[in-house]
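There are two complexes below, and they share chain A, which is joined by chain B in the first and by chain C in the second.
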Partner chain A sequence: MSTKIPIGPFHIGLEEPIYFKIDLEGETVKNVDMINGFVHRGIEYLAMQKNFFQNLILTERVCSLCSNNHPFTYVMAVEKIAGIEVSRRANYLRVVADEVKRIASHMFNLSMLAHLIGFHSLMTQTMEAREIMQDIKESIWGNRMDMSANTISGVKYDLDEGQIEYILKRLDELEPQVDEIIDIYFNHKIVKARTVGVGVLPKEDALRLGVTGPTARGSGVNNDVRVKAPYAAYDELKVNVILEEGGDVHARTKVRWREVKESIRLVREAITNLPEGPVVLDKRPHIPAGEAVTRSEAPRGELIYYLKTNGAQKPERMRWRVPTYMNWEALRVMIPGNKLSDVAVIFNSIDPCISCTER
Partner chain B sequence: MKETLKQKIIAELKNRITGDFDLRDEKDAKGNIQIWLKLFNRKDILHVAQVIKDFGGRCVIISAYKKDDHHVLVYHLDIDGILINVEVELFDNTVDSITPILDSANWTEREFKEMFGIKLVGHPNPKRLFLDESIAEGILGEYMPLSQAMNGAATCCMWEKIESERHKNEH
Partner chain C sequence: MSGFLKIAIRNLLKGPVTDPYPFGKTFIPNKLRGKLKVDPKACTACGTCEEVCPSGAIHITKNENVYVHTTWYNTCCFCGNCEFFCPTGAIKLTNDFHTANTEEEKYRFTTVALISEIKCESCGEMFVPASEALLKRAYPNVNDTIRELTKLCPKCRRKKAFERLYQ
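Right, the complex of A and B next:
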């Protein structure tokens, strides 16, 4: 006999505002239907009522965990239309802000995995290690989430010797803790029992559905924007793309942890080789008529902005697509065939961002 | 290497497109290539989608906007890091779905159908994506209270709706 059960914001299994209609046979999920739209806010329309500088603030607030990537990708589009060349120093500083966000974002998602499999000591340990990144954000940018690092033609912050030393010291503190935690996530029998072979996304489905970020890389698909279409200083700071072949929750977990390590390396490299120069242009630029498309690699995957301008102070059209938007449909492949108790774990493994997706 | 791939893509596009078109390509300081294509016969988007599929590419997103009295779609398609932007003007407010060719276009087509009221031909699952059924299509651009725009308005309303649906199924 089949049973239908709803999982959503009113159900203990899931905190996110999304509604899953699940058909069960025994304990196994046969079919899943997803209904979204609970938090649609019409931000895309709002963006066309604001001028180019106001939109810096607005895009930063689309979502908190990718909050650096939104204004980052947006300013790149504005700069492309206006023909502005950003200084090398500003480009390096953009990378620093972005990689700091990636470490903190990945570690948050990974601690959520520990929470969902009921391994609470591991969750606390991960969150405590992540606090180091939060401290860095608060000390350098003044905020724990919205860093407001980017502006049109450069960045709003600079790093002096003391700040660089502070970041390096804190990263030295973080790395051994990360190594210790990684070992548990990779090898502990509780974690493996709940993640290995769970929520499998085969490579061909990953390609067919156009998934991005760690979800794609966990299935062996490399579409990391930092390498495929480099921007800012990523062409100079060569990124090593992390790929896993398993396609299951475990593979995605491994991708994120290995990326945390890679991001630590990138931050170190960027701040120790910081080029000299201005961080922002003196003059406020005029934004002429034109159109541009820019992309960046957010913690969850590729983020793309399309901007069309007509010479006025506000965009004529601004459209963006976040990684979760593409990874969503992959859940229809990942969830069926698994146990009901695994649904929340699988859902978490795409690192869902609903406020981004629905805008 | 990217340059060779670009040449191949352009040759294949020129070969398959039946109507008139404008084509240009650009390269930024980092060597990233973008191709801009404007189609004058909207049916050609199916041929373009097939080229993308043959090269193992994907649909990244489709941007819709209103220009004077008609809609414009800009398809953003990717082949191994090369971005192909395809502009199509819709004078009859109708477009053929490319989802049967590129699965990755599924959501974005449903979204422009919902937000701009563009008619979609041949989509395998043209259901609403974000907004409640009670709201008319083509809503983007009209003022609407947040509580009404959101599917559930409040958790309790959503819960009541699901419960009533569930009971309907049981009877």
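Right, the complex of A and C next:
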């Protein structure tokens, strides 16, 4: 005797609109069907109507939590076509912006996990620790989410002594808080009861489905773009890849928390060894005809941009593949066999970004 | 369990972490990107900000002898592109983030700057002169001869500069 249960598209347990059709047997999920397409905004078409400088901001507005990686990958594509060499200082500053965003994005997802397993006070505590990152973003880039750090041929901001000191001071404040919260996420019995052994994605399936980001690294697949195909300053700042073998929600949680620690280390290293030089070229470059594909490691996984230009002021075609697109199919492996109450937790564990995927 | 209990007790003693904002002070960093401030003296109505504005919030229109630089806050996304690409540094984003407005103020919720034209000293035609900031960007050292030239319309300036070359 099976029951059909719909979750979504607008549901209290989901961050973003997606529709799950769930076949239940007793309390166990037998089969799941997922339907998306509720937040399509036509951004790909809009990108072709705007010039290269307007697209810097438009790509940022695709999604607020990976809002640095979209323009980052886009400007790398433009620079590849135009053959622009970015200065070392600008590359370091790009890494700083990227890692600050990664910390904030991971901590948001982890606090959502605490919320979904019913540990509400842990969620508020994580969010409060995250507020330090928001303060840094506000003080250095001027906005809490959309930092607008990248521009063609460099970055829009520069760090002076006082700002570097400020970031270091706030990071020193953040790290003990993170250590304290990590201990709860790793060892607390409520968190463990709801996450260990839930939503298992075996390594073979992870390889077969080509999942990216912390979802893959939680299953022991190393596909970190920062290490496999270094861009910006990542070949100079050695990134330690975080791998966990469990493949369940708990393993992905562990990957995210350890990546937060790794990102804090990277930001510290980048701003203390900031090379001298210009942050942006004086002359605004001409973008010739051509096409390019670039990729970067967004907080959720690998982000790929394809850009085609025809020598005009606007792109001829722009298309991007976002990490959630690959992680999405893995839900069909993760969800069946679990309890109905775990569906939202498993869905959250891939760090879904539906507004990126449907744009 | 003791780990979280420690945090909970500490938070209990520390009191609320939220700001009492509309009734009290809040944290406003200097670099916060808020409303625009346009310096009409430095602006030359070149239209760069209009070109790079992703949301189309900036409009430069021409009335009689004056260019009107309008920013609509109901469209503006506070990205700072106009400030970054402005060649003369006429646009600055202030840290004033107060954007709550009534429906009645919808069409008045703007920043308007008037860039007036001047009369050419030689032929009397109206034109927008190059601002001091633009001159500093174009010439390594701005002297009085160059400043004299800014009082002439492009046509007369070309003539004068040509004469100067062959005298």
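Keep this in mind: the second predicted complex is superposed on the first by the 354 of 359 C-alpha atoms of A that agree within 3 Å, B and C clash if a C-alpha of one lies under 4 Å from a C-alpha of the other, contacts with A are read in each partner's own complex, and residues count from 1 in each chain.
By definition in this document, contacts are C-beta pairs under 8 Å (C-beta built on N, C-alpha and C of every residue); 3 or more make two chains touch, one makes a residue touch a chain.
Given the structure is predicted, the values throughout are model-derived calculations rather than measurements.
Student: Clash or fit: what happens to chain B and chain C when chain A is overlaid?
Tutor: fit
Student: Considering only touches as defined above, state whether A:184 meets chain B (first), chain C (second), both or neither.
Tutor: So A:184 only meets chain C here.
Student: Touching A:121, do we find chain B (first), chain C (second), both, or neither?
Tutor: Second partner only.
Student: Using the touch criterion from the header, give the chain among chain B and chain C with more contacted residues in chain A.
Tutor: B
Student: Regarding the shared-chain residue A:58, is it in contact with chain B (first), chain C (second), both, or neither?
Tutor: Once the two structures are laid over each other on A, A:58 reaches chain C alone.
Student: So in the superposed three-chain picture, is A:228 touching just chain B, just chain C, both, or none of them (first/second/both/neither)?
Tutor: The answer is first: A:228 touches chain B but not chain C.
Student: Can A:41 be said to touch chain B (first), chain C (second), both, or neither?
Tutor: first
Student: Taking the superposition as given, does A:148 touch the first partner, chain B, the second, chain C, both, or neither?
Tutor: second
Student: Between chain B and chain C, what minimal C-alpha to C-alpha distance in angstrom results from the superposition?
Tutor: 18
Student: Under the definition above, what is the set of chain B residues touching chain A in their complex?
Tutor: 28-32, 34, 56, 58-61, 63-65, 74, 76, 78, 80-81, 83, 85, 102-104, 106-108, 128-132, 140-141, 144, 146, 149-152, 155, 158-159, 162, 166, 169
Student: Report the residues of chain A in contact with chain C in the complex, numbered from low to high.
Tutor: That would be residues 50-51, 53-58, 60-61, 121-122, 125, 128, 131, 135, 138-143, 146, 148, 151, 156, 180, 183-184, 187-189 of chain A.
Student: Looking at the complex, which residues from chain A come into contact with chain B?
Tutor: Touching chain B from chain A are residues 4, 6, 8-10, 19, 35-42, 44-45, 80, 85, 207-210, 223, 228-231, 235, 291, 293, 295, 302, 304, 306, 308, 316-317, 319-321, 325-326, 328-329, 358.
Student: Note which residues of chain C are touching chain A in the complex, please.
Tutor: 1, 3-4, 7-8, 11, 17, 27, 29-33, 51-55, 77-81, 84-85, 93
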